[in-house]
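Listed next: structures, encoded as structure tokens.
Note that chain A is present in both complexes that follow, paired respectively with chain B and with chain C.
Here is the complex of A and B:
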């Protein structure tokens, strides 16, 4: 057994192709991004080393900090919305007929491309012929909002589309975790006279705290990476009101051809994602993870 | 004893009335819950129903009538127009073959790695697994510029190989994670017996392990298919000529040209999501499984 299953050549043959792919296409590039951030480079011509100039410019670039603020706002909204998804999942875990079907219906938007979702919501938000403003006009609202063209509303309008896209995803994750809780624990609590809210709060939530932690990381890091939907829906507009870190980076590199500065933004995004993941794991690690 | 019996009877009576009270309030409560759950379901579904409706409308209906109205007579020619005039047929075909090639490559490479990590004995298996898992946290954007430069230098810009390789790399971590859970629970007895019989590792992998893992393979295949089918930024960045564009970028092009033709836009969007809806109807359990397995264990 050991001899056949310890053959070094076979192990190398099985592992190295995939390892090569992720090294060349993920790990090497992210290191290069940090390095390119030290360059003045238009993407085609020669690179000139400029030291930390790009990173220093980043610190004083108001447009960059605006887009970072929008990304962090989306991350905060997404994290808060987890509470709602959790409540829905707890309800679905109770004696609800058709809960499997409901979960699947909730999931459908998540399976569609962000491009299709963005195009669909562009139509939903259409100031004249979209369903939202038509409904508002029908119930007598005058001066209906121009959702995506109003710089005060645009981020919230986009966030509604994000909820539509991701609600089912988180509900599926929470439901899978809730299903893993042994029935006997819930039964025992019922016999002791606990009501459903107490059971949810005192028994179920602590038992799935590990999964809740994962979803918080997913929500925050996922929001910071957000790109497709916003790029297609508003292109960061109006006037930068919905610009996020990733779309700002993309524009710097592929529209302005400032690849050095774009790389600095991309590297910032990487660092912030890794730091936040590490921070959340660190902050929540002290709480004892409950085994069952 | 009699006294006790009476006491007991009283108790049960109280209990029964109490239970009746709960069940009445319970019914109202449940009714409310169903109402909330139903409203959420409508919120999730109605935009798609509405999309389907306006994909069958003419512009005069879209701009002149209520958006909630049903199409007067379904204009299927919107679909024909999108399919041929908008070269959606070409983008559709590109999406299909690029998705398939990338999925096969990803799932095969991931199965090799997962087999080596869970079944073979070597020193650095945990370290290598860690390398793959960290890949889950890397934002695509942080690798995009060097990737563009890399493919550019290899003359692979505007070549489907670039997006196939990028899809494979960025889907490997998640695919391995989903496979791992299944491999860990899979009994090793059959494989051990095969070793005793003098089977080579390759035969064990291809003829025993791979067939045993078909359920989880189908889960990873469907999850990978959905991700690749919907991918946008790599195609948008690496592909410039129409003949290699996939649906996500293709519909962007199309909508840019037919900005005010709602019917044609709706039809294009419907064409791009119909394969996903069919996959969903046929394989919803696998999809749910994949999503749950891919994140819960993180």
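Here is the complex of A and C:
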């Protein structure tokens, strides 16, 4: 086997199919998107070359920066929520009764499609018949909030749904990572008299720091390009109060028929995600990984 | 080592080019074969037809389409109609993609005005004036085919026509001793009475802001007359016209009275309709495409359907508009692709389709066709007959604002409608912002 793998031709042969598929389906369209971003194009008729005009407009487009701000807020909230997911995973990793069942319960939202989740939360937030407002009315609140119709609340209402949606995903990642920690380390700590909080903080967390880094990148980049729940629940409204970069891009391309500008937004989003991924890797780079 | 790297990259290039070559030759051969079957296929000519009424969600529509196609095929030996069906939103997107790659179906469905424009400018749709002159002169309700015209040529044959009355729940009105209002003052009194009794007066799904736009358009029409808004859009007038600002102020007055269902800016139209169907709200302004809901749809309780009535949008005292002017317009229409291989047959099929559709759609699917309907010979629910008769008396039909204007400005308009209803902007700002967007377009 080693002999075969030392032949560069063979390596090339094995790597090629995947490389070709990924180039044609992913890298080529990315380049194409950047190229469309240089055009004035309605998606149907002739394209005309306008150079960097779309990108220049983007930099001064208030609506774009509003939606970018919303995306960054979402990124901040999802990163914060990682702490919550981590705490839940640590508790579940302890030998408490029913932790298997609880882990499965947390996973269920992940099995639902985004549209189903959106419909579910639309019902929950319904201003008159929804479960939240029915409860608030029952306990005597007079002016119940209108959640998705209130420009100040709408963004956070959706964030709650998104954080709920991804709980299972991150909890399962953390749980798997925690399972990989050798039992002997924990036992040794116990014998030395460490309490559960010390074990979690001093032993478990450092050992899964690599996974934590990955989840931070996943959460931030995932938030920046987030689209589904927002599109279904509010469509970016009312009056752009819940618009994020991806929904703004979709609107520009498909509702206002400005494919050139939409492509520019999309390409810019890619650049933002690349820069941020690089930044996070830079900031969280530690000298050497801790070994068991 | 360097040599190895070189040879690897060489291999990469060879394989890539092979693959690309394979792709291109493939498309060539397929387009060739298409041409053959199209141009010199003496035996069977195939018309590709794309529509948006899948069997699942629009059963009756789907059945009518199929029966028309069967009839056409049996009348015309040697012509075959190939059907492709997609749901509404997917249809719009696919049409765009097909058009970009020059593969539009021979006959398909389009919307009027703003939707049609880029296709006409890209020279994708064929003119249909000859078809109208030959087979369909005087067949359409005035104003409908015109909505598909650009620079004097018609590019679509309308299939549907909708106007927007205000539906109301007679049972709720009776309970509080109310009558269908005829003036805006009376409407406000009705709203006040209902609010005082804790009943939601009007349901509105303003998440899909075209719904709120209809309320605004009616008030603009009743206050400033039918031309004011149209003139603002075609730039012979201004959006900062006092009548248009006043209409916006009236909207906010209604909102402040509590006329609209709580949380309307977060409700979609379907959810809002649910409030009306569940008798949680007394009034609902919507187009006549919802008529089957109040008449023939067995899913809604008989008791509810019996209690639904409608009234024309009330007039405003001192305003210019009259009560027989409607917001509305044609829905979908048929286009014929400019680059179709079987253009003549496609045009013939489209004309045949429109004619047959007009005969069957209202009785079988409850759709009001854009062709004239003879109400005396049909067996229809009374509400249909009333609406069809009102339609004959219509003094004016104003096309939905978001369809009239270009997609870019429509986005601004719809956002501003949400902001206006939500109290985020003043009527003056509302007008100024749209004036700005319209002026930027010029």
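For the reader, a short list of remarks on this structure follows.
We adopt the following convention: the second predicted complex is superposed on the first by the 270 of 292 C-alpha atoms of A that agree within 3 Å, B and C clash if a C-alpha of one lies under 4 Å from a C-alpha of the other, contacts with A are read in each partner's own complex, and residues count from 1 in each chain.
In the analysis below, a residue touches a chain if its C-beta (ideal position, glycine included) is under 8 Å from a C-beta of that chain, and two chains touch if they have at least 3 such contacts.
Computed from a predicted model, the values in this text were never measured in an experiment.
Using the contact criterion defined above for the overlaid structures, shared-chain residue A:96 touches chain B, although it does not reach chain C. When the two structures are aligned on the shared chain, A:149 is found in touch with chain C, with no touch to chain B. By the touch criterion defined above, A:197 reaches neither chain B nor chain C. In the superposed model, A:22 makes contact with chain B only, not with chain C.
Once the two complexes are overlaid on the shared chain, A:127 sits against chain C while remaining clear of chain B. Residue contacts after overlaying the shared chain place A:59 against neither chain B nor chain C.
By the touch criterion defined above, A:254 reaches both chain B and chain C. After overlaying the two complexes on the shared chain, residue contacts for A:8 are found with chain B and with chain C alike. Set against each other, chain B and chain C differ in how many residues of chain A they touch, and the higher count belongs to B.
When the two complexes are overlaid on their common chain A, residue A:237 makes contact with chain C while staying clear of chain B.
Common to the chain B and chain C contact sets on chain A are residues 8, 19, 43, 128, 254. The touching residues of chain A, when paired with chain C in their complex, are 8-9, 12, 16, 19-20, 42-46, 122, 125-128, 146-151, 154, 234-235, 237-240, 251, 254-258. Residues 1-2, 4-8, 10-11, 13-15, 17-19, 21-22, 24-30, 32-33, 36, 43, 88, 91-92, 94, 96, 102-116, 119-121, 123-124, 128-131, 134-135, 138, 164, 167-169, 172-173, 175-177, 211, 214-215, 217-218, 221, 224-225, 227-228, 232, 245-246, 249-250, 253-254, 259, 262-263, 266-267, 269-270, 273-274, 277 of chain A touch chain B in their complex. Only residues 4, 7-8, 11-12, 15-16, 19, 93, 96, 99-100, 118-119, 121-122, 124, 200, 206-209, 261-268, 271, 275, 280, 407-408, 410-411, 415-416, 418-419, 422, 424 of chain C touch chain A when the two sit together in their complex.
Residue ranges of chain B in contact with chain A, taken from their complex: 33-34, 36-37, 40-41, 43-45, 47-48, 50-51, 54, 62-63, 66-68, 109-110, 112-113, 115-117, 119-122, 128, 131-132, 135, 137-150, 165-166, 168-170, 172-173, 176, 192, 195-196, 199-202, 205, 226, 229-233, 237, 247-249, 251-252, 255, 262, 265-266, 269, 272-273, 276-277, 279-280, 284, 287-288, 291-292, 295-296, 298.
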